[in-house]
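After this come two complexes, each holding chain A, first together with chain B and then together with chain C.
Now for the complex of A and B:
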């Protein structure tokens, strides 16, 4: 009997099989559907369309520090340097073939959900127009607070999901199977619960995971949700982390874990491990962000699948009001007992950087915790000032140390 | 010397466009309610039907450092400047600020007004579909307009009847037709009005009580129709792109080393503002409004032809080129806007294919006039075949 794979091995196996399946899609009579990372991809999975996420491929290249090289290529094509680094690196990959992976298969169709941002829609439009390919935009109006308005928004989204199904039926000449969708939803709901459980393990002291583990761990939720292997992966991951908790193993040893930090925005991908080491040297661990929680959906299997899909995708943090974002963040502060926050203003991502100064003001006021704000780009190294960021981080920890020293003994 | 006739009317329009807060104050003195709006995807007719004068928040082009603490620098200067209008208090006497969910930059400007400029209790964020020409979007839009109407009724403590809405639709359509007639003058070889003048009038129309605006427009058109064109034809330039209310920039385009005339501006601060109509005489007024607004030339942030990667706006741009016959095209957009410059990459080959030379101007906080002038003169030299 073969030995049970650990989470890392399982993640690699799932990813390899998924990509192999994707590259052989046409041989197997399947289509490749490009999808935005936050979109009702369960409908693709239920209809046997293999979802491919150009954002994920961009992340692989940006983490490998290919950003500046790729972005320059796209700028030479006439695009501006302030366009999202994901879009710039992807358009450059298509022009040059440069990638640190095996690349991604060419698309047959597109699904863009604007709950994340509308640059993605424009980016997909560029690709769709180039290949004269069909594209569906799932429009998710901002999830404003008003109850009546929310009902109308969900109604509108459900109607669009029905249109998406008709669109897919027309493109594939195949009838959509609602029973299959229910099955996919079951897997998606199960894996979402487990993914959230994994993220929430950051509440333990010392925390067994940092945001960097969460960012690696979220990949399968992004591209394999709706499948049994996704459920298996998160069950394995949760078991592994629970074992660490049981043994008191933290990212930092308990006595060294001084600062439990909140992170706002996407990560600076090319500084991923540097940041983890730098913060760790000051006793800091970033535990979470709203971004990693974007895939911890709460699907209600008792509802019509299209309704619960609409409700979940329209209410992700990047499509929510500032009030909702504050509430989501405050819940994390309380649950994870955080005592510091880093607010990253990301040149590349205007959607996630939306109202960050306002969010910072409110969170500082509500928590009484000072914030570190710094500006850079998630993928383009040309907009990262190493010494400036380091100085800021050092100064921030000095401030936290001083505050802690000034605190009256309990 | 005091100007008379057409010049006096145009000067009055330009004064209003460049001194909007003063115009708002005058409305207040007359006991009128007024509402500022931040995006042209707001159905002004609903406000007007309730007796509120809608007026667009435009920029002041002043150098300022106030907004950097509220909005990230990678948001466009237009949104920074609009936010600044709220922070400096020039619009304190507005009764309401409204925006529709459109571009993220103006969403930030609205956020600043609501949270930091004292508009928390007098603001409305309208839900507006990004994909505006699908079947579900039409229904959603009509429902969103209904909720807005209910909000306005509560604010004004009066009901807005179908007759009120029909009247407002007619006043607005009349305004659109008059503006269209004004722009049509620019199709002529010797138009009796210049592009910058038409741009000034169009801007003013966005901040004026439409009945007053219509009256002035009628007088102006009557005078223009009676006089022969005087302007030198020069090189015909068409502008296409994003919001730009800097009339000085349009003046610059007509004051180069060579004779030039602006003959069309495709932007939400110019032709895209009014180049549509709302169906009149319909049983359901809100559905009629939705149909009208769906028919607008879309902003690049909302432009998707369902099922494809194509753009509806490009068809209009091609039509404008055919009708207005430009010799050159200027792509004008705000720095840090994503949808506009992304569209330029796709639109430029279409313009190239038509054999029309083009150039790009990127707007930031300050307009680099000398640099733009050189760029524009280079464009004209290409068109005229000037050799160094």
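Now for the complex of A and C:
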């Protein structure tokens, strides 16, 4: 990689090369494995299977405001309007070919990890049926709080990872290389540390990054982890952001950064920049969410790779209990000095959203910070009420202003 | 309490079993443990001396549940939460809750936080059933449930107690299956509503007592063929509110096969009585792979439904869709396509637990069967 490239250029280069490699997979004797965004993809990488994430492709289309058009196509196929917008837009892409990108290559096999949700399993089942293709479900029972149960859950997951390896050996007729897995894990561990370092730069005041930077910055962690270029990318990104910190450059100037906000859930992809501008006009910056932290893994290279993979993937926020999610969020509140929270009830993502009302009540009680709750959809514009959301945001900042004015001077 | 019921009483009790459960618990000095469907091995709860009660919603209005589970949450899950939050929560000392879909993923957390004084345990059944690890995991979970109940109650459970519980549950399912066979062949003997109320009540009350009722009912049955019945297969998870069965009875449908969790999927979950109860319960789960809807394999489901349709010479399939059930909704378009390609008439009923009027369902159902009569019936 050229050292002259900045993070944005490097991201584009890595993405272009990855997609080119993916589209030529069969020419090069490789297979395409569709994977959920949170899954032990290191095993794919170590076995030379190119991972493709239909969720990422869906995000590109939903961010480009194609959601309503695509979702309508899927609904005409008999699917209901309240299924995940990723799934609906993807099924529509299969039907119509409509996409704002060059599309994604067709799959040869599937890996569905339900640490994120069950929806992905069901969605992948639909795709697997279409092509009569093999699918592996990596089942991650909820990471409940009982310590002994957790040990058993990890054992069950390790057993399944061994089954996954046998499954891949069977499909590819190629022996799995555990040494190669160790090498891949090394890159994954390094890039995860750097990715977390990048996210944690939101601790600075003013914060040099907002969640919108994190959402853009996380892409490479999602689809290129386990590779040296992923490590290089996050090193470059961290260096760039550190330079901003050194110069005191924030998303908002220090004197204007009034509200450092927590965001719960996935973003409203098609309102990405609008939300950043709107919040900025009130002195608000959303710093982080548990969602962006989902890829800041903590792999222990001294352990059996399958054990550390199992431990990390089973314990992501979406597979943790509400009590643990509260703890994870509280840690972020403290670390990032946040003084506001936006709790998004995302109609598309039931797995994450159905915990939100309970999570919100506990976080409000523990932090003493009021919460803004709004309901919409991450990708389907038909469920977004512009004026209602805007009014709620305005009212929320008025509340925060009032609370701040009422605070006794330090 | 449930030893000597007639069919009319069974329908009434199944509609609202809770007053009788409350009275029975008081009389017996026992505790009730509620479970949402599916997969929780109720035999284990029974073996500890508790009353296992399957929670299958309420038709009473939603008041508190919407603040915990929004309106795009599965109707059954919301209804169950409401049942416990507003109406019958005091009845239960604890809950064992399975995780079978996105709606239920954090449900046991929500219940645990909502009922801080009660025992709330998750039952984490595997979401894959075809690999050896699934069997390993089912066994682990059954053993964890036993340890958890033991720790909470301060009681231990012997293999004998587990085997006795299995025997009582098996007997219950066996008699119900025998009554079902009589009803299928002789639809004039009892209504669909009466039979499925019987299954539902069996999932909620003491089996030891209820088996006496079932034996007596079976012995007293006078099989009647009846006239002008149309044989149908019922496909789905649950079929509620119970008045939906009135609609079937009104137009003289005879359910001759089903795949309901509150029907045949329950009746077929008999456990082998081979001495090792945990192994046998594990075997039951892996054998009944698609007991829980999350790992429905649509091809397998289709083949099973088709086989049932052909074996029974049914005239149509009625698919019962629960509002906002994602598991069903991802599978339904393909399942419907396969069924229709096979030339099997299929009607989809959209149901919701808090439904107050069934007139739209009645109209659609009548129209479907009238059009069917114009053809092959």
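Assume the second predicted complex is superposed on the first by the 407 of 410 C-alpha atoms of A that agree within 3 Å, B and C clash if a C-alpha of one lies under 4 Å from a C-alpha of the other, contacts with A are read in each partner's own complex, and residues count from 1 in each chain.
Just so we're on the same page, a contact is a pair of C-beta atoms (placed from the backbone, for glycine too) under 8 Å apart; a residue touches a chain by one contact, two chains touch by 3 or more.
Remember, predicted model here, so these are calculated numbers, not experimental data.
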item: Side-by-side fit of chain B and chain C on chain A, or clash; value: clash
item: Contacts of A:134 with chain B and chain C, given as first, second, both or neither; value: first
item: Touching partner for A:110 - first (chain B), second (chain C), both, neither; value: first
item: Which superposed partner A:22 touches (first chain B, second chain C, both, neither); value: neither
item: Partner chain(s) touched by A:98 [first = chain B, second = chain C, both, neither]; value: neither
item: First, second, both or neither for A:126, with chain B first and chain C second; value: both
item: Chain A residues touched by each partner, larger count belonging to chain B or chain C; value: B
item: Which superposed partner A:78 touches (first chain B, second chain C, both, neither); value: both
item: Which of chain B and chain C A:323 touches, first, second, both or neither; value: second
item: Contacts on chain A seen with chain B and repeated with chain C across the two complexes; value: 77-80, 82-83, 114, 117-119, 121-123, 125-126, 129, 137, 139, 141-142, 144, 149, 152-153, 156, 159-160, 163, 322, 345, 347, 350-351, 353-355, 357-358, 375
item: Of all residues in chain C, those that touch chain A in their complex; value: 67-70, 72-73, 99, 101-103, 105-110, 113, 122, 124, 126-128, 131-134, 136-137, 140, 144, 294-295, 298-299, 324, 326-327, 329-334, 336
item: Touch list for chain A against partner chain C, complex; value: 77-80, 82-83, 87, 114, 117-119, 121-123, 125-126, 129, 137, 139, 141-142, 144, 149, 152-153, 156, 159-160, 163, 321-323, 345, 347, 350-351, 353-355, 357-358, 362, 375
item: Touching residues on chain B, where the partner in the complex is chain A; value: 69-75, 101, 103-105, 107-108, 111, 115, 125, 127-131, 134-137, 139-140, 143-144, 147, 300-301, 304, 306-311, 335-336, 338-339, 341-346, 348, 362
item: Residues on chain A engaged by chain B in the complex (per definition of touch); value: 77-80, 82-84, 110, 114, 117-119, 121-130, 133-137, 139, 141-142, 144, 146, 148-149, 152-153, 155-156, 159-160, 163, 167, 322, 345, 347, 350-351, 353-358, 375
